[in-house]
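In structure tokens below, several structures.
Both complexes below contain subunit A, partnered by subunit B and then by subunit C.
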Partner chain A sequence: MIDVGFFLEIVPQLLSGVPLTLKLAGTSILLGFALALLLALAQQGEHRLVVWPIRTFVAVFRGTPLLVQIFLIYYGLGQFRPSLQAIGLWGLFREPYWCAILALTLNTAAYGSEILRGAIRNVPRGLGEAAQALGMTRLLTLRLVILPIALRQAIPAYGNEIILMVKGTSLASIVTLLEVTGIARNLISESYRAIEVFLAAGTIYLFLNFLIVRALAHLEVRMTPYRSRS
Partner chain B sequence: MTIRRMAALAAALTTLTFGPTAYAQSAPTEIKIATEGAYAPWNFTNAKGELDGLEIELANDLCARMKIKCTIVAQDWDGLIPSLTVGKFDVIMAGMFITPKRLETIDFTQPYAVDPGGFAVAKDSELGKLGLSTERFDMSKEAEATTAIEKLKPMLKGKIVGVQAATTMLDFVKKYFGDTVEVREYKTTEQHDLDLAAGRIDAIFAQQTALAATLTKPEFGDYTVAGPGFVGGLFGMGTGAGLRKEDTKLKDMLNAAIDAAIADGTIKRISEKWVGTDVTPVK
Partner chain C sequence: MLEKLYLLGFAEGGWGTALLGAAGVTVLLSMLGFLLGAVFGAVGASGGLSSRRLPKTLASVYGTIFRGVPDLLTIYLFYYGGSVALTAIANAFGSGGFVGLPSLATGIIAIGIISGAYQAEVYRGAYLAVEQGQFDAAKALALSRVQMLRLVIIPQLLRHAIPGLSNVWQLVLKDSALISVIGLVELMRQSQIGAGSTREPFLFYIAAAALYFVIAGITGQIFRRAETRTSRGILHL
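Then we have the complex of A and B:
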């Protein structure tokens, strides 16, 4: 029932969706990381006016499915075209690509900020105090002592998040973007052979994530020279 | 475990879980009919959350004629044919055109409706100003159809056209307008309708009756069905009920029921009620 010739025929077609998958994942992971770091640091201050809006944002984006978020941003905001045009943002929301990027970025930023907040909290207090006793400013302490340790500790948990995002891009196919899953769906509707197509698509995601896992493991070792990864 | 064995196991599990309801060659007494439930006015989910529309009413009528019990279920468009072949249900009635490509995988009854495909665009666009023409072009008559398409092309050049994925409509737009327009594929027609209203796309291509129904909604006041209608050729022989190739007995029963429904004017009555025109196939 599995036909090798058919596999060879569909794999190049599926691979043509990989650049878009990587672009979606890469852009949203980078933007999301920057936003997550900002949110995590902002919460260190513990000002209520800063912390509560962030907690609400995190609760909303962690508590609702990514699929719903993509639908809301794409079809939901589409119904507010006049107001979006008035503030000059329609150009952005008109494109399915940027709608998907926005949804993926906000989603990963919500999860990422919690990972980084925890990681920063887990840096032993004494290290920060020692740095300040040496006369370092708070910013310098953060840059030279707290963040390097926190980011290194966050790698395994953040790696999970990155892998989830790569898989999350598959939802972009519902807003007309033809990435790997979108192409897979089309191939099935042309050939009616779901098993082969999804097996091949799954293998592509597996391979992409395998590379990411290896890269992260490498990064972790590099950032922890005194303790190799067990 | 080899991949072959895993696949066999998966197939076996699928059959166990969703076991076919009517497989045998003896006349079935109970069948499950699947529709999309997102293609008003042919089939859709009404305000009460129930399936409704031309095909739902027709399905109930055909079942009454065949004197068998029918359950109607909704299923995503792109999963209809794969689910039919693994036996999740027995019949598809979802505005599906009978095309040679689909006939390779499943079988169809005779058509119960013929309805042309056409464009919907903004009223103030070049094509929109032309308005709806009552012309119908048969795609199997190459010369005449090509002239019609060449006339439309300059008006659509560079525009973004939304079409439902995995449909004959998409095949048509890709084949005849692929070099002229940017095609964007949607999972349901409701989604491309929303994007047309939002101004993300310039035109949609679907069955003219479905477009007409969409355009009655208030947010589509600035849009119109425009240009001629297209039938035949890629669009096959019209809309029919899909079923598994081995269910020949069921096919005979359905064909007889459709014959009767055409003969006594039931299809004409139902279609005028739902889509405003008579879509009864001409025999």
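Then we have the complex of A and C:
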């Protein structure tokens, strides 16, 4: 049933989409993490005018499909072309690549900020108090005590989010980008050999996810110097 | 922008009825996909909990593939793969030409397979959360294995499973938007059609986002109710 020759033929074609998949995932994960950290920290102050807009942003981006978000940014904002041109942002919103990056970044920032907020809240209160007793400023406490512990505890949950993002990049194929899933769809509709293409493209994604899981496990050990893993 | 709001209304030239109907299709698709996923999930969980190697391996392969591969890719697999299989069967029975798989059926199967992989993990975790004493007590009462599962274990398992199932449901609801790529006119596709024919994409995608948000909110409330109901008499610290 599975044609090995065809399988070997499509693998290089699918691999040619990997750099774009990685660029989409990498850029949005890094930008999204920075934004998520900012949003999580901003909510520590518990100032209502700060917290309420962030909560709304998070609820909206977690409560609607990523596909709607991409369409809203790519097609929806295209409607405001004259205004975007006036402020010089049209070059950005004209490109499906940047629209996909923006949607993925905002989406992962919404999920990520909840993970980080929970992790920061779960740092035992005594640690912060001890740091203050030592005369550390709030910023120093955050940088040297709270964040290292919170980030380490957030790794497993954030790892899931990173894998969801790698899978999420596949939606960029719907706005014409030819990353791995886009190439796979074209191959399937040309050849009608869905199983071979699915297996080849699926293996690529599983391998990427495997690398991410291993890298994060390594990072978790690195961030836990006093606890050596058995 | 605001003067275009009539496009979303229910009067002549308004798309309100079409959008609400399409939202109904989204709910139907998600519900049936979720229920089919419960069947796959139960099978997957029992495989994962089995002490024999073959079911355990199969369950683990199933979970790894469909949780690790983009859902869009899985949807293409079932759409094109299903059509090819169906055409082959039809040709074997003497009918020539291409037979396409109905997009609603494809969507339900794809969502069922994907959400089943996630539900299997939820059920497996919930089964392991039921205390050992409950199994011992059921055995002491001389209940058969089926009776034990039906009367003692599953009611308690569901209580542990509901928060996880609620997460999977939200995932399913958002995944259902992807079924629009194979042509099923659900909420996402209907708003694309509306956006295309009125040239008001922003308005229609905002409307779609709002409807998804409302559906997610209402159904989330149902899960929260179920959680309170199933944990009656349980002390929460």
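By our rule, the second predicted complex is superposed on the first by the 227 of 230 C-alpha atoms of A that agree within 3 Å, B and C clash if a C-alpha of one lies under 4 Å from a C-alpha of the other, contacts with A are read in each partner's own complex, and residues count from 1 in each chain.
Following the convention adopted for this analysis, contacts are C-beta pairs under 8 Å (C-beta built on N, C-alpha and C of every residue); 3 or more make two chains touch, one makes a residue touch a chain.
All of these numbers come straight from a predicted model, not from anything done at the bench.
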Query = Does the subunit A-based superposition show subunit B and subunit C clashing or fitting?
reply = clash
Task = Kindly classify A:63 by the partners it touches after superposition: subunit B alone (first), subunit C alone (second), both, or neither?
result = second
Message = I'd like to know which partner A:185 touches here: subunit B for first, subunit C for second, both or neither.
response = both
Query = Is the number of subunit A residues in contact higher for subunit B or for subunit C?
reply = C
Message = After the superposition on A, what does A:94 contact: first (subunit B), second (subunit C), both or neither?
response = first
Query = Given the touch rule stated above, what does A:205 touch, subunit B (first), subunit C (second), both, or neither?
reply = second
Query = Is A:174 touching the first partner subunit B, the second partner subunit C, both, or neither of them?
reply = both
Ask   = So, A:194: does it touch subunit B (first), subunit C (second), both, or neither?
value = both
Inquiry  = Let me test your reading of the model: by the given contact rule, A:81 touches which partner, first (subunit B), second (subunit C), both or neither?
reply    = first
Request  = Run through 81-89, 135-143, 171-179 or 207-215 for subunit B and report the one that clashes with subunit C in the overlay.
outcome  = 81-89
Inquiry  = Going by the contact definition given at the top, which residues of subunit A touch subunit B in one complex and subunit C in the other?
reply    = 75, 78-79, 174, 185, 188-189, 192, 194-195
Residues of subunit A defined as touching subunit C within the complex = 59-60, 63-69, 71-72, 75-80, 163, 167-171, 173-174, 181, 184-185, 188-189, 192-195, 198, 201-202, 205-206, 209
Ask   = What residues on subunit A touch subunit B, complex-wise?
value = 1-2, 75, 78-79, 81, 94, 96, 174, 176, 178, 182, 185-186, 188-190, 192, 194-195, 199
Message = Using the touch definition from the top, list the residues of subunit B that touch subunit A in their complex.
response = 3-4, 7-8, 10-11, 78, 81-82, 85, 105, 162, 165-166, 184-187, 191, 194-195, 197-200
Inquiry  = So in the complex, the part of subunit C that touches subunit A is made up of which residues?
reply    = 64-65, 68-74, 76-77, 79-81, 83-84, 170, 173-178, 180-181, 188, 192, 195, 199-202, 205-206, 208-209, 212-213, 216-217
